[in-house]
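There are two complexes below, and they share chain A, which is joined by chain B in the first and by chain C in the second.
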Partner chain A sequence: MQDMENLSDVSHLVNEIKHKKLYNSLDIALKTEELLEKLISHDQWKSARELMKLVKSRIKFIRKDLPTETTATSIMRHILKIIREEYESAAKKKGEGQSLHQLVTANSSDILDYSENLGSLRSSILDHLGEYKVEIESSSDNIAAQASEHIHTDEMIMTVGKSNTVEKFLKTAAKDRNFKVVVVEGAPFYYGHSMAASLAKSNIQTIVIPDSAVFAMMSRVNKVIISTHTVLANGGLRAASGIHSVALAAKQFSVPVVVLSHMYKFTPLYVVSNNHEAFNICASPADVIPPSAGKILNDIDVYNPIFDYVPPELVTLFISHQGGNAPSYVYRLLSELYHQDDYDV
Partner chain B sequence: MNKTNDLLSKEKVVQSVVIADTFTDEFIPISNDIPHALLSMLNKPLIDYTLEFLSLGGIEEVFLFCSNRSELIKQHIDKCIAKGEGWSLTMKVHIIVSESCQSFGDCLRDLDAKGLLRSDFVLLEPGVLSNVPLLTLLEKHRDIMKLDKYATMTIVLQESGVGHRGRGSEDLVLAADSQNRILFYNKSTKNRSKKIEFPLEMFLENPSLSILHNVRDTRIAICSASVLPLFSDNFDFQTKDDLIRGLLMDEEILEGTIYAHVLRGNQFGGAVASWGTYRSLSQELMQKWIHPLNQPRQKNRILKNNTVIGACSKVSNTAKLSSSVLGLNLLIGNNVIVEDSFVFSDVKLEDNVIIKRSIIGPGCIIKTDCTLTGCVLGQDTVLEKSTCIENGLLQSSTPDNESFEKLSNKAYKLLEDDDSNKSHRLFVSDDEEDDDEEGFSESEDELSYTQSPVPDDTKLFFTEVIDSLTRGFDDNLVCENLILEINSSRYAYNVTLKEVNFNVVRAILLISLREPIGVQYFSHLSRLLSYFAPVLKNYLRNESAMLDSLQAIEDVVSSGENIKEKWVIAVLQHMYNKDYLAEEVILDWFRNLENSGDLYKRVKPFADWLEEAEEASSDEDDDEGSD
Partner chain C sequence: MEKPNNENKKDKQGPDGLTKKERRALKVNARPSQTNQAAGEHAQKPLTNTNAQPGDTIVQTQTPVVNSKSLTEKELRRLEWAKKLEQEKKSNEGDKNLSKAEMKAKRREKQEAQRQQKSEQVKTNVSAEKCEPVTIKEIIKKPSSNKKVITPKKKHKVTEPHVVQLVQHLYNEDSLKQEDTLMILHHDIHPAFVRLGVQYSSKVILGSNARCLALLAALKLLVNDLKSPQKQEFCRYLENVLQVSTNYLNKCRPFAVSMTNALRYFKLQLTQIDTNLKDIEKKAKLQDIIDTYIDDDISKAGVAISMKVREKISNGDVILTYGCSSLIRKILLEAHADGKVFEVIIVDSRPLLEGKELLRRLVVAGVKCTYVLINSLSYIMNSVTKVLLGAHALLTNGYVMSRIGTAQVALVAREYNKPVLVCCETYKFSERVQTDSFVYNEVGNPDALSTTHRNDITPLSNWKDSLNLTPLSLLYDVTPPDFVTAVVTEIAILPCTSVPVVLRINASETT
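Take a look at the complex of A and B:
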């Protein structure tokens, strides 16, 4: 019972995501961060180990209820890493000053068990979290700031569907560059339409094309700029359905594919997972074929997957707030973001 | 939490009423032990889906109205709340138990007496699965109420094309004006009549209206507070349909209007009201139509052939499963075949069992070599070795009424009353054949519509004629008087001469058909015809009258009455012999008959004989006999 009570905060979060009250990945990220901030400042934990256990139980809860939700779990994973770092530095400070010798030998000999009760831990973690929050909030601005390095005058950019990050990126670039954008509408949800409308409002030359015209259009495109739902551990993407074919067409014409991604979209997961259902979600087939179609629905199965898997070899570059990285470098980013022991909670 | 407080201060809590019982015997014998709300669909009780839908829809307070086995539902809800199910966080669930309620209407009357609901609410009939955002619907209903203060209810409809399995056995036809106000509502279930009459005023009073047939009722309704008093004031309202019908009929007295809302896009709704809808909804759930409502991912495994199986089940390698939903903890033996069936939890199927189009309740044990087709088995039924049953309802305990058949100590077969339509109850008699038949007959109907829409006066005239003639024949009245009577009716109803001819002959023929068919029949027929000879002679004076009478014969034959094969020939023969019908007229008429029709085949020998123009009347009987 005690456990259940404690998890009510996270099940609220899960519910809000399920009810689509939280839709945007940035909102989810901020909400998750706030949730953990509250947990750390109010909950009665005594040691870092207890705190980590609390966070881990929340990650497990989300993974069970929303297997495709990675933003919230990534934020929590990163906070686990923050807790570990703060504990380590606090523990070190308590003892003697570190020598080079100690640094080299420490890892092998005494493994930290995070059980010590350190008074200053709470405040130092909260400080660190404050920095992290600012980092999340400014992430899309930082990504957008790099726009002029990647978009040049008179280029033709292709993008798929709607993404706030891409939108900001393009609009920032449009301030001092003149270029055209081709928006792939992204059937059957057609988020591309609202994206195009928004771009056109800020005086960017915008062309909307159906998904089927991607290949024909690709030869004229200079760059594909997209956003993604998740970056997997191998550098592959879980992105909106239809992006795989766009990436393949880009490969054919040697057009670079640039993926804009916040740090919290990187996950230590692989596509070859034992829980395949966790990779993709199927939305209602009503968007593909209306229920008024009648008799034919008795005889057919309709699938309307939301995501595509895009293999890493089709991606040219990831742009995060820290700058550009190749897909082969994702593993390194991951080890910076999360602690090895937290990869599989 | 802030959000709830805001809502509280701004407006009242959003309330919903869920009626948990169907008050029908659709789900017997399963419903004897399991209340409808706990019926498992893809290994999760129906009520869980309903509650999840309500919480997704933004409802904050739910009144769950139970009468049958309410303690089980209560236990289940308590367990869910203890487990911290998603909906329990955003929604309060109150269980109202009232054993005395016998119908949907009773429940609402009880609610009215309790006075729990103060404003608009969402009313759900049992077994609703949907993903509709209810708050926007409530908003819409309030907008309607601003314009029309008598708006009592908005019913939510789901598009569903004709022929779609999800329509179930219900056929809904409704007409709505441009404001979506319902003007006409017709829901037919068992005895599908093929004709629907729309009141003419509906078209006269409204410049534009739409008639909807490609919809089904989701059994979700947004109700104004005035709905409950309406039920209290009208004790004869048993169901929602009664209310709708009542409001439409006595518009002036009851003062209430009903609106329709048809779901579009990826919004979807449906309710489990019969095994047919149970089956289609579980399929729709599997195919994600009701996304984000989903089957319990942890419990179910999806196999090939559209089959879902619950956790902890043991299935033999040689078992063949297709298009079925199987529960938890099953034991399935060698060479078992399960097709188009629902098998609930803890069932044991021994070797070589074959189950097709059946529903096997929880805890059943079916021993080796049994074959079940189209059956419904109640909880804990045990079938002995090598039992074969088709289209039966079985349960484990002795039924209350006397109509049952004992198969073993834990298996009793319920015998159905003749009037309850078996095929309707079991989802088994499937659409395919049914549909084809219907398609055919429908087209036929259309033909007959276009041919002759009979005005009412003619119909009345016809019954009058029948009355006069039967009375005349029974009381042996003089035929001249009968002619007088017919003529006066003719003027009274303002019927053309053509119709008089047609109807008089038709009436005589129909009277003749009332006699029992037997050896005596033809002699009786000729007696009748000779009795009415003066009448016939009076009306059949020229060729067009003869043609009318032939059409009457045609009409009688095609009306599908129980007619002997020789009847047409006998009648024609008689009328020809008495000179009521001329040879050329008969042949002309015959040539215009459809070549493939039944009638054509029957008349052909007679026509052939006429063409040969044989004269010897003494040979006729022999000819006829040898034909």
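Take a look at the complex of A and C:
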């Protein structure tokens, strides 16, 4: 079981996520990045291929234990691409003498064989990782900086539940614009309550509504600004449950749905149904109906799903730190983020 | 404009709160308490209502005049104020002096508010009500630094910044909430109506059918107990009494469409009664009319609808329903008793969580049930075969008015191509037309939103302290007709657009 020992770092991460010690996606992202940084700097790997194998085994581990956790795997996938890039540039430097003829006639397996032992590889990857870490950390600031391009004066904006990215976005916009925010409370978890309290503290006019009032309010809403758990490869979302009906109502009233997303939330995953096995998980039904309800609980089914699938046609815009993109462009962002060969580890 | 100002300082009462200048003034002209009271009255008048008539005094308020809504409200406020003054007078000497200072502070404050008003070019009669919270805050900041004032009007001002402008017209600030005020004010209203009013406002009686039945029951009691004065004709007198009673009920909670329709029918019958009959015969006839209405338009209609829907339920169906409609409950229970094998998914939502009641009843009857909150709609909708919804009213333009959330359920059902059946007796059809959920609606208790079943203390708990935070709980929404497959009525299964036809036929039948 040498394999398991080596994976102790990642199993620790999985445990922390499982027990909600790490809840925030940004925290998970940073923790994952640190984990890989440690792995790369301390572990005894000889070639890029070995290193990639180590990373891939970690991705597999996470996918097995937490099929719905995508942030950590996305970070790892992106780092795989970084390794590939660094290897290629290092290999190119070394073989500068290669002629065009050699390049053309070269066997494809030669180019993609990451087995060469390059001395400078470790440090160059670590350098690149440092940059990546800064990018992750500043991502939500960069998203928030675009707020004034999307919110005009006296708007009515709807958001669902709580998201740090959305919160920062709205607060940044509120610095020089007056607008109102309608917060959907998001029963049975009620994250919307703390969101609303926090927005109100920053002098934003905030209205809290129950989930049932979404359709009624939507006719007066100018924009729906939400965050998501995952952006799927087709441009759809895996978002908090209830967002699908919010998006449907928005479509009914032609209200644009803007999704704020960090780059690490984009995944090469295709899921096109709510009932996909790996797609959804259900939380404790005690949030829906208290155990004090008594005997009646023996005879009923209670569901408390966490996620909703939102098809891409209901999403108007994605905003990442690189700017805005339509859902139809997600495939292209993915190919910039991850290497084709790593889509399915 | 003084109102939020006073509010800000309500808890800082006491002699410490006075400036030196004021304290000095106090010592110099200490006056007998009577003048205090008189002064209090004068200062209070512009506070309560800008267009108060100068002739109105406290004495007048003892006689219950009900010619206009605004007048009674005014009087109620003044009555409260007079009571408060008397209490203060009795309590101790110190308070007397304080109230003197209070008057001064108020006067100064008033001047300042007026100045503010001029500078802002706000029309005087719209001042307090329509002022934006932002401007209110500005005013608060200014005087609070040097003056402390006690105010007897608390409830009024707390709610002021917490009004969603969109539905400002729905807030009924002077609606009667506490039981005791209900009792004091209206001794000329039949106790059955007073009780009914309390039950409505505390939401003990919920649902448009239940509310209508309760109203009719109270009406029967009223008819039975009423004695007309010597010279007045019974029916005319009853009309007057009824007007007063319904005004009162409307204040407790706005009328449901079902209640309006039932009442209109009753009034119409009232005009058609033979005036030559004896009072006792009229009474019997009127009670008979009410009984027939309950029997035909509510009970039998329910039975007919139940039969029609039962035909549409087949074995193995999974029926989704929302909230707890009395009619849907009846339909499901009867279909189950009839031997149909089906499952029910009950979708529920905060803050009322009515669905739990339906769940309990169905489980007791042995129906297999699933219970989810409204956020899980998309998750559960795939397994559904039919959606059954109750209605508060059907509007002439085909929109369905129902408990908040119904539109969302219908929307998701349409997305998944599930048939949506709305069950509604024709007595709930309304001539009203409406396309949004704001014009005619009710605002529920915002405090219900700030607590959850798990903990009473949430980040929202002290929303009243924050000027920017407003929980909004609407009670109804309207569902566009394109989400509704069909409406099941006692007459037939119809498309939504047939509402005006039904109304026309019903009208021609009754007259």
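As a convention for this text, the second predicted complex is superposed on the first by the 326 of 345 C-alpha atoms of A that agree within 3 Å, B and C clash if a C-alpha of one lies under 4 Å from a C-alpha of the other, contacts with A are read in each partner's own complex, and residues count from 1 in each chain.
Operating definition for what follows: a contact is a pair of C-beta atoms (placed from the backbone, for glycine too) under 8 Å apart; a residue touches a chain by one contact, two chains touch by 3 or more.
Here the structure is a predicted model, which is why all the values come from computation and not from measurement.
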Return fit or clash for chain B versus chain C, each positioned on chain A through the superposition. fit
Considering only the touch criterion stated at the top, classify A:Ser11 as touching first (chain B), second (chain C), both, or neither. first
I'd like to know which partner A:Asn304 touches here: chain B for first, chain C for second, both or neither. both
Which partner does A:Asp287 reach: the first (chain B), the second (chain C), both, or neither? both
Identify the partner contact of A:Ser194: answer first if only chain B is touched, second if only chain C is, both if each is, neither if none is. second
Looking at A:His19 after the superposition, I want to know if it touches chain B, chain C, both of them or none. Which is it: first, second, both, neither? first
Nearest 10 degrees is fine: what angle do the Cα centroids of chain B and chain C make about that of chain A? 60
Give one of first, second, both or neither to describe whether A:Gly323 is in contact with chain B, with chain C, with both, or with none. neither
In the superposed model, does chain B or chain C contact more residues of chain A? C
If you stack the two complexes on chain A, which partner ends up touching A:Ile204: first (chain B), second (chain C), both, or neither? second
Considering only the touch criterion stated at the top, classify A:Gly130 as touching first (chain B), second (chain C), both, or neither. neither
With both complexes placed on chain A, how many Å separate the closest C-alpha atoms of chain B and chain C? 5
Intersection of chain A interface sets (partners chain B, chain C): 287, 290, 293, 301-302, 304
Interface residues, chain A side, partner chain B - complex: 1, 4, 7-8, 11-12, 14-15, 18-19, 64-65, 67, 277, 281-287, 290-295, 297-298, 301-302, 304
Would you mind writing out the residues of chain C in touch with chain A in their complex? 133, 164, 166, 349-351, 356, 359-360, 363, 368-380, 382, 404-405, 407-408, 411-412, 415, 436-438, 441, 449-450, 452-454, 458-460, 463, 466, 468-474, 477-478
Taking the complex as given, what residues does chain B use to touch chain A? 55-56, 58, 82-84, 86, 89-90, 131, 158-166, 214, 265-268, 287-292, 297-298, 306, 431, 435
Which chain A residues qualify as touching chain C in the complex? 185-188, 190, 193-194, 196-201, 203-216, 219-220, 240-242, 244-245, 248-249, 252, 274-275, 280, 287-290, 293, 296, 299-305, 308-309
